[in-house]
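The data blocks that follow each hold one structure.
Note that subunit A is present in both complexes that follow, paired respectively with subunit B and with subunit C.
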Partner chain A sequence: MPAVQETVERVKTLDVDQYKYGFETHIEVDKAPKGLSEDIVRFISQKKGEPEWMTEWRLEAYRRWVTMREPTWARVSYPKIDYQDLYYYAAPKKNPAPKSLDEVDPEILKTYEKLGIPLREQEILAGVEGGSRVAVDAVFDSVSVATTFKEELRKAGVIFCSISEAIREHAELVRKYLGSVVPVSDNFFATLNSAVFTDGSFVYVPEGVRCPMELSTYFRINERKTGQFERTLIIADKGSYVSYLEGCTAPQRDENQLHAAVVELIALDDAEIKYSTVQNWYPGDAQGKGGVYNFVTKRGDCRGANSKISWTQVETGSAITWKYPSCILRGDNSRGEFYSIAISNGYQQVDSGTKMLHLGKNTTSRIISKGIAAGRSENTYRGLVSAHRKATGARNFTNCDSLLIGDKCGAHTVPYIESKNASAVFEHEATTSKISDDQMFYCLQRGLDEEEAVALIVNGFVKDVLQQLPMEFAVEAQKLISISLEGSVG
Partner chain B sequence: MLQINNLVVEIDGKRILNGLDLSVKAGEVAAIMGPNGSGKSTLSYVIAGKEDYEVLDGEIVLDGQNLLEMDPHERAAHGVFLAFQYPLEIPGVATMTFLKSVMNAQRKARGEEELTTPDFMRRVKKAAERLHIDQEMLKRALNVGFSGGEKKRMEILQMALLEPRFCILDETDSGLDIDALRVVAEGVNALRDPKRAFLVITHYQRLLNHIVPDSVHVMANGRIVRSGGKELALELEASGYAEYKEEAA
Partner chain C sequence: MSAEVTPIRTAAETALIERFKAAKGELPGDGEVAKRREEAFARIEAAGLPHRRVEEWKYTDLRGLMREAAPLAPLPSAAEAAGAIAAAEAFAAVDAVRLTFVNGHFLPGASSTGGLPAGVEIVPLAEALASGHALLREMGRVAVGKDNAALALNAAFMADGAVIRVADGVPVAQPLHLRFVNTGAAPFATSPRVLVAVGEGASVTLLETHEGTAGVAYQTNTVVEIFAGAGTNVSHVRLNAEGDGALALSTLAVSLGAEALFNTLGVVTGSAAARHQLFLAFEGEGSKVSIGGATMIGGRQHADTTLVVDHAVPGCESRELFKTVVDGEATGVFQGKIIVRPDAQKTDGRMMSAALLLSETGTMNNKPELEIFADDVQCAHGATCGALDEDLLFYLMARGLPRGEAEALLVQAFLGEAIELVAHEGVREALLGRTAAWLAARAA
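Coming up: the complex of A and B.
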């Protein structure tokens, strides 16, 4: 233990970490013992006061999981994870569902303030007529601690709550849709999540309702060695619209943290879901030590005709990113979109992309991916576009651009295209470029320092994707891009 | 204003500048002429601080400060501006965004307030009109898809907005037709000021009909071999650089 402490201290004094949000909150935690077994799964389910069907659902997932193998096809390498050496449940103590922010642990509120998310201010702002409003279902470790604007959303008929609450209060919706896009047996990490997920968000937008505000969740990982298993389920009923924002930061630490989230989106006839992510988890230190392992399964189902699902992501954090937000274009005339900025620096490894599965008639999809590799990082785009036999008139446009900063990093593009329908039209464009010395010198000569110059050039490179983000998020993302590229030159 | 003493520069072990001396006074327009390969562009890059050039000896002093001790962006904030022979493209960065970033970066470095948006817009509008740069061009990504003439005008626009004290024009006439050359020259002439000096690097005399220099220096073999008034440029136009090349050989 002292040795570990010493390492932490030494790493801190090196002062090379660019991670600005590396701090830890000291609050007591109620946690399950280390390791995973049927008992632990039951413990989690019981802790959350879940009904019997949910417990069974989890146990079924667990039994499948023990027969599965961790996938190895991605272009990432990391030491073997000992799944029995992790905690699967940790909840901030003393909080039987706070009724207002005053009841929330002040330590937690402080943490959010450091991250620049003053809940209190947001509530005040909400009262301002015509002002921009963002509802925050704040997830601290594994339990939702504060949900704002619930009342207003309720008026519109929108349900926005923690998935735990949804399991208790809206069981019929959860039972109908949970696991209907990402089945329990989908993949190793999704199955693990199904067994042990501790919390996440639930959204239901009723027929014909346009959600009156952007819904936003900020995740933070806290508490040592707590695997983080979020579960998000969003349902947009016929003719409805919702925009959901997800943003993450995590405290700095010396141990790898496993994160295996599952996000399921369901859009019924004429419905639209826009899902935006800014991900900034601890990427590891300058030597590549520590950092979050992010194995995420995100999938949207355009179940109804004329439905639309749009993913936008800005990925700057994590030591390892394994993430492919996808769209199943089941409904006729449905549309899927994927806009991605993936930045890797230091020793980060990113393997990310999307799948567009065209099943219905006249379905369209669009993929714009911008990968930026700096330092000694590896950045891979992996994508699949496929047209089913019956997918008449399917269309896809894909554009994958990679930008390299320095000469010790790598960028890779692995596109798969499968068409079983002769009428499908799939277009693919890809470029790889480097920030040239001449480009840099030009910017320096005009008065920008090296970091400002790189940030400017990179922001230009990712502009097409930044434009897809809601305004407030775009500003945050732009800042994040600059922060994450610090130390990438010179 | 600018004083260069015994400047010796190598690139990849090859000597390019060989004990160059040059002095330019405030308000002066000095032309540097010379055959290809004489080191003219190297001189402009070394003043601006491009990497890859190894300065073995000498100093470059601008208003009391040795530029060789400063980073390129610090030199820019100190008032050095280089109009590039081949201006670079920055995809995705709107020209207006670029202009605002660089103007504010320099102001910040000098401890000045950032420009307010209305003030910035007013300055750009005024300077752009003089150079026949329309609003549409300012909205496009910097230099991307610009014609040769548009790129050169954009360089002069930046020069006008950044208000440098020492301007270097590196072969600004290359690739310009006579009309474009006239617009660029007018833009430069409008910036002539008793407190500002110009170093105009050119292979041909043509540009100097439009930007009339106060002094002309002939460069050969990495140093200034002859200096004179504007009539020296005409003499070179008539006789060519043959005698200087022979000297080099």
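Coming up: the complex of A and C.
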């Protein structure tokens, strides 16, 4: 059956012409010359004051990238990108490496204020009295402009800083882990990122430490014709816990901007990483003009026994999304989770999903994905669940639902389920009929109509995860999870 | 990126090109048919055999499986054919009209078409190709399989087979048994094709069996195309009991008119490597389809079932149920895709693939895909994969069954669910018998 009216209206409020973050900030910037070459790679490395090994690492990636071809397997189409017609580095001219918030260009601070991201610690404390605090790393085009609560985190032993700083200050950790989850030549976009990444966040949580607050990074693309290549590396040492959030927005432009990020997560024995994303890049206008091309490689490695990595994503932005946050379940008893809501409107194209690679014994994974396509958009779920020969006792449960609003859009599901182990139990389903009769009966008996009951039950399930998002992100997310999937087609 | 890849041809690809050059003058048909052969082969020549990087063939690397291109099978000698036919046992007990094909060649002399009602026309394909039979125009009608490599190979090399036409409103009571028998001491290749046109309101049951000599690395690439008109009722059962050295490709392409009923079941036990493809297109509203599969493989066998159901018109229903049992070091593959086109409102599609891994070393790859462009439809797909339920085994063993028997009973029940879809009692019993025999051989 078709989508219910309430859902249609909710999705409309998120339509591409409702984009709220499309303003531009006018500041002077320092850019690399246009185009990409070994010289540009060296230029970026030098700008960042990187050691020799890092420059070599980047060059190696660049040389590989030159031999690679852009992937075409995803269900997205876009005009050929001219990689020589982009700026690979853009940093605010006034004091590109501020020591404290007072040195940051006030225009930039204003931008973050407008976006609702407080960067002054006292304001954060004043704003939400008694509320949970969030440490923020703000990345503006190619550089990190501010990182809050660094001191307090340092007391707990947690390292939270921009990746550029980490390369300088914590070289031994970066060298050990960078590229260990997403190898340099993993795929076309990851290789490009390895060559030219400019900034991003670095987190190290030492053994046995529960990170005292939520960590987050807010990415903003501002400059014209500039690609953003961020790189995030999070390491949770034995027995530690960290929850990390990322948000992203970009100005409204009629050109397409490229964003190719790489995120690597490493969880050692008994550690847990929770990674949440609210992706709200500019989606293009109602005619499909402009918007961000979001080609992202995100992967977590449950390297230690009993470790856990959980991905939560709310995807509403970008003209094109190409993103598959994955978990390598290497450690015995490790656990991977993927919760996703992807909403596409206008001419947006989403090809997203996850990979759960079961390598260790008794590893478990859960995939819950909701895709909602409206307007003339295409929304694809693409996922892989695989059990290695040695993954005895592996378990996976996948549930992916899609909903179409209107007859001009498309929803697709492409799951791959590969099992090489008899004791691995994989279940994949894509229907909404899994709501139990008991639950329905309970709700109906209390006077809810069927539609309300379904919404309550379906959303209750996802709410569990999304409710834990901090305030700044929650507003958007809460609105999304209240969307009912009644009429879902599987 | 600019790095152009120059394809390096494998020995089999080079041999195929040579074979085609040498054979095209000898193969039946000229004019349109010859042109079609050239076009089909040009595609193979340009792209080569499909391999793992070609999405459709991701799990079945034809380039790797087809190391050599076996020579085209000549018409077997009468004695050779008689020996092979005598050894063919599939559905032998079923009372049916039999069309016999030995190494892909239609042998009217070894066929029994006596019981057919008026209004059923049967012509050997070689003859039809040579004379330009009217039904040839329908060849390749199902668009979803258009660029398929196995279909193209068959279109290039097809030498014989049959053209069957059931006139409007004719009910064919006896099943029509297409009996493919393969025999030879050295590797050979066959490419039979059968076209079946079922007129409006007619009904027919088609049985397709494939058997062959053990220990010979022969290659078969069978294509059966069914064009079922409005209000037809067609049942189809396919059994792959090929020899253990065979590389068996087969395709069933079906187009369905309005208010038609169609059901098919594919059973695979034989061949070293098998790929069964099913392309089905709804062309009229209100039709219902049931597609089933039961695969039982062991040793180092590889069995792939690939399916595309194209809901191009509104109001049709499709049900897919596939069961795969994998033992030894075998690999099972299921790729299913339901397409719902923008106009196909009120479509109801349900696809389920369940696999049982009986050994520690088996592999199962599942890819149940949905591609939906209409908003008022119901589609669901499911896939499960796992070992036999220990609780169920315990229950049976607690009642005194030895483990082996308990396992066999559960596997039989698992596969039975798909086999029970067959309406014809004799055929159903024969298939259940095959399952029991497979399980007995496994236990021994």
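Going forward, the second predicted complex is superposed on the first by the 408 of 490 C-alpha atoms of A that agree within 3 Å, B and C clash if a C-alpha of one lies under 4 Å from a C-alpha of the other, contacts with A are read in each partner's own complex, and residues count from 1 in each chain.
Rule of thumb we're sticking to: a residue touches a chain if its C-beta (ideal position, glycine included) is under 8 Å from a C-beta of that chain, and two chains touch if they have at least 3 such contacts.
Remember, it's a predicted structure, so these values are computed and weren't measured experimentally.
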First (subunit B), second (subunit C), both or neither touched by A:426: second
Subunit A: partner with more touched residues, subunit B or subunit C: C
Subunit B versus subunit C as contact partner of A:437, first or second or both or neither: first
Subunit B versus subunit C as contact partner of A:56, first or second or both or neither: neither
First, second, both or neither for A:66, with subunit B first and subunit C second: second
Subunit B versus subunit C as contact partner of A:39, first or second or both or neither: neither
First (subunit B), second (subunit C), both or neither touched by A:456: first
Complex interface listing, subunit A residues touching subunit B: 436-439, 441-450, 452, 456-457, 459-464
Contact footprint of subunit A on subunit C as seen in their complex: 1, 3, 55, 340, 342, 345, 355, 357-387
Subunit A residues touching subunit C - in the complex, by the definition given at the top: 1-3, 66-70, 73, 188, 389, 402, 404-431, 433, 487, 489-490
Sites on subunit B touched by subunit A in the complex: 48-52, 71-73, 75-77, 80-82, 84, 87-93, 97-98, 101-103, 105-106, 109, 141, 158, 162
